[in-house]
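Okay, handing you the structure first.
Which chain is which? They are A, B and C, in the order written, and residues in each are numbered from 1.
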Amino acid sequence: MQLGVMLFLMASGLTLVFGIMDLINLAHGSLFMVGAYLCATVYQMTGSFGIGLMAALPGTALVGILIETVALRKLYARSHLDQVLATYGLILFLNELTKILWGPRALFLDVPGVLSGTVEIIPGMPYPAFRLAIIIVGIIVAIGLYFLIARTRIGMLIRASATNREIVGALGVNVKLLYTLVFGLGALLAGLAGAMAGPLLAVEVGMGEDILILTFVVIVIGGIGSIRGALVGSILVGVIDTLGRAFMPTIFKLFMNPAAADGIGASLSSMSIYIFMAIILAWKPKGLLPAHA
Amino acid sequence: MTEPLMSVRNLEKTFGALKATDGLYLDIAPHEIHAMIGPNGAGKTTAIRQFSGEYLPDGGTIHFKGQNITHLPMHKRAHLGMARSFQVSSIFLTFTAEDNVAMAIQAHDGHSFRFWKPARTDQSLRNPARKVLEKVGLLHRADIAAENLSHGEQRQLELAMALATKPSLLVLDEPMAGMGLEDSRQMLTLLKSLKGQVTILMVEHDMDAVFKLADRITVLVYGQAIATDTPEIIQNDPDVKAAYLGEEKTCSM
Amino acid sequence: MLKLNMTSKNWFLLITFIFLAALPFVATALDETFYIGFFSRILIYGIAAVSLDLILGYGGMVSFGHAIYLGAGAYVVGILAYHGVEGSAFINWPISIMGTENALVSWPLSILVSALLALAIGAISLRTTGVYFIMITLAFAQMMYFFFTSLEKYGGDDGLSLFSKNRVGGLEMNSDISFYYVCFGLFLGFLILCYRLVNSRFGLVVQGSKENDIRMQALGFETYRYRLTCFVIAGAGAGLAGALMANQTEFVSPSLLHWGVSGEIMVMVILGGVGTLVGPAFGAAALLILEEILAHYTEHWMLFLGLILIFVVLFARRGLYGSIFERGAGK
């Protein structure tokens, strides 16, 4: 389920940026990578995951804002194709830059000591404490985002921009600043996801793209432009992924010998998310909870 | 009245909290020019979109030539004989005017799964296209890219494309939108010349044109038809005056 | 029947044609036979790029999963060759499909398999538009990548080697030169087919649908069917390129299906000129040549490629060929 949380963080950022600025940003995965790298680097310098995390969040947000002001601003008015191509170029650039600065080998990031044990929520079933912490963080962020979007003035501006961009500008709101802030928020969420993923995945170049595609699946299933959709989508994807990995090999073992079953089972479980996506799409081409009908 | 060409019963369409079409009732008689007027936000374009199939209604029925077309996809309605023009010119900007009309002709010339023969030199498409351009007065601009035509010419092209499909019912959404005086007069003459040949349902704000062209007028307010009758009777209907004509300071009566 | 209007564009194309036709002899004479294989690769990617331009430039469908069909075509050749060498069957039920190294059997099969795959994926994806479509094609690309990685029997992650190039019927195709001319011939054939396609009635419907889909439907076209057909044709073209690719490298691996390859092909299209049909072929040449040159100077050439791409998108949108010779099918 921690995959679900990470996807939720990524998907919220991406869907916000898309819903408000109509920008499809392939380099969102790169921000995930930046968060992981920053956290890992600071961790190696200080020995503390916590400090690493606290450095990664604003760090990634800053990198995001930098990218937005320098490169992405010009893309708001362009077609989606142009945005896809330009942000793809950005991925190439950022991946290579990371390789230059940190070298091609993966970085090592450890689970923080205080969270390395297990917790028994259900007696007799120990659950890794770190993974539990991630889920808790996810819940906090979800609640926080809800309050931000539904209850604050900025949230109101965000919702208004999602429905009608031009009018918000005409009302005198500093749209440029709003866009930059929203993008920064998205970057922050991506950085958080990346930093938390550090101890679980390998911190290496290209880690962003794999999760980016899964994020796309979440958004497609949940519906573009809505945080609720991102939430529903990421929960569903997280569940399917867990179930798939747990049960696919077992199901296939019913039909064929164990070795072959393991092989096919493993591959099908990684495909199960995409198959699920295809089924949902065949039924509802705009996703389950799109922001605009 | 003879069998109506199109009949709409109890049409309903809701967007969130807004009921854009609220029990719409409408009959279009064959060969008439029927105008639909109403204040802004009355739901005229929403209604047009449901007639042509761009939106699917939430309730009610639409019958065309005796057939229930309520949930029929757009392209199928075109083949039944319904042609539509759009309020904001919906033409192919990078194609020439003649290309645009030829495309409309092509749509009704069998299937287009023909992969080899160049279409732009196919005289069975180009000749009829030029004839239609001539009819609307655009033949001299046939080879100009549509994006380089003037606004009035684009509206003419819009109409030409609809005419090229040889429709039984022409659904026009504000054909004179944004046109100057001279262009409007030309369009008016053109539409008059079509009277009797093809049934026309048009939404228009230009009251002058409406009263000169229409055989019957339907007044739409808050998604409902509050009156349907000849222009003279509509002009003097107190409800209509209150709801709509009372706001108009430019109608000539 | 051919009206030869010698504009500067036509001169340029003629010179290019002569250059490509004579290349193997010139290269052999200069003792630089490396270029024969290199330009074979360019021609193969040229087919892939042109096929993408069909749906991207003319149909407005931004597919970020075009490499699927490239890879599928390659794998058909690879798997059949593997069984052919062994003398075994690929499957025995419901019908027996024996392995083969005969191009006349496996290449049409590559095209067919890729076309069917495009039909299946396109049927679902094309019900969506815009950003959804881009995301979905990317997702399917990832899915197919995982699928081929799981094929343990055919090398999985490590890939599958071919014993040799396919033979064409009874003729061996082992020399670089004969393979080059096969690629050249197929490239020309495909280009001509596409050229007729985009100017046919079918092609105009696809172009019209890109520009204004609602209008096309209002006129009476069932645009979904036409776009799907275009998508399948493009997939078939990529399948052909894949079959050739398998022969060129004598190796197939899942990395051919990685979405990065889809990105590469897209870059070729944009570098050459979207919607110009022959531009993307030049784009393929430009990218591959650029990679060769940059790789000589630095191992971090991707850095510059990324920057160049961003620059082209922001400032040189119509690509090289597009800016110089054509207005192209536009944005």
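Please note the rule applied: contacts are C-beta pairs under 8 Å (C-beta built on N, C-alpha and C of every residue); 3 or more make two chains touch, one makes a residue touch a chain.
None of the values given here were measured: they were computed from a predicted structure.
> Which chain has its C-alpha centroid at the greatest distance from the C-alpha centroid of chain B?
So the farthest one, by centre of C-alpha atoms, is A.
> Max contacts between which two chains?
So the pair of chains linked by the most contacts is A-C.
> Using mean Cα positions, find the chain sitting nearest the overall protein centre.
Chain C is the most central one.
> Taking the mean of the CA coordinates per chain, how far is chain A from chain C in Å?
32
> Take the average of all CA coordinates in chain A, do the same for chain B, and state the distance between these two points in whole angstrom.
It comes to 47 Å between the two C-alpha centres.
> Let me have the rounded angstrom distance from the C-alpha centre of chain B over to the C-alpha centre of chain C, please.
The computed centroid separation for chain B versus chain C comes out at 44 Å.
> At which residue positions does chain A touch at least two other chains?
Not one residue of chain A touches more than one other chain, so the list is empty.
> What are the residue numbers in chain B that touch two or more other chains?
Within chain B, no residue touches at least two other chains.
> Going by the contact rule at the top, pick out the chain B residues touching chain C in the complex.
Residues in contact with chain C: 52, 54, 73-75, 78-79, 83-84, 86, 90-95, 99, 103-104, 106-108, 112-120, 122, 161, 165.
> Using the touch rule from the top, collect the residues of chain A that touch chain C in their complex.
Touching chain C: residues 18, 24, 71, 74-75, 78-82, 84-86, 88-97, 99-100, 209-210, 213, 216-217, 219-220, 224, 263-264, 266-268, 270-271, 274-275, 277-278, 281-282, 285-287 of chain A.
> Considering only the defined contacts, which chain C positions touch chain B in the complex?
Chain C residues touching chain B: 196-197, 199-205, 208, 211-212, 214-223, 226, 229, 329-330.
> If you look only at chain C, which of its residues touch chain A in the complex?
Those residues of chain C that touch chain A are 56, 62, 64, 124-125, 127-128, 130-132, 134-136, 138-140, 142-143, 146-147, 149-150, 152, 259, 263, 266-267, 270, 274, 300, 302-303, 305-310, 313-314, 317, 331.
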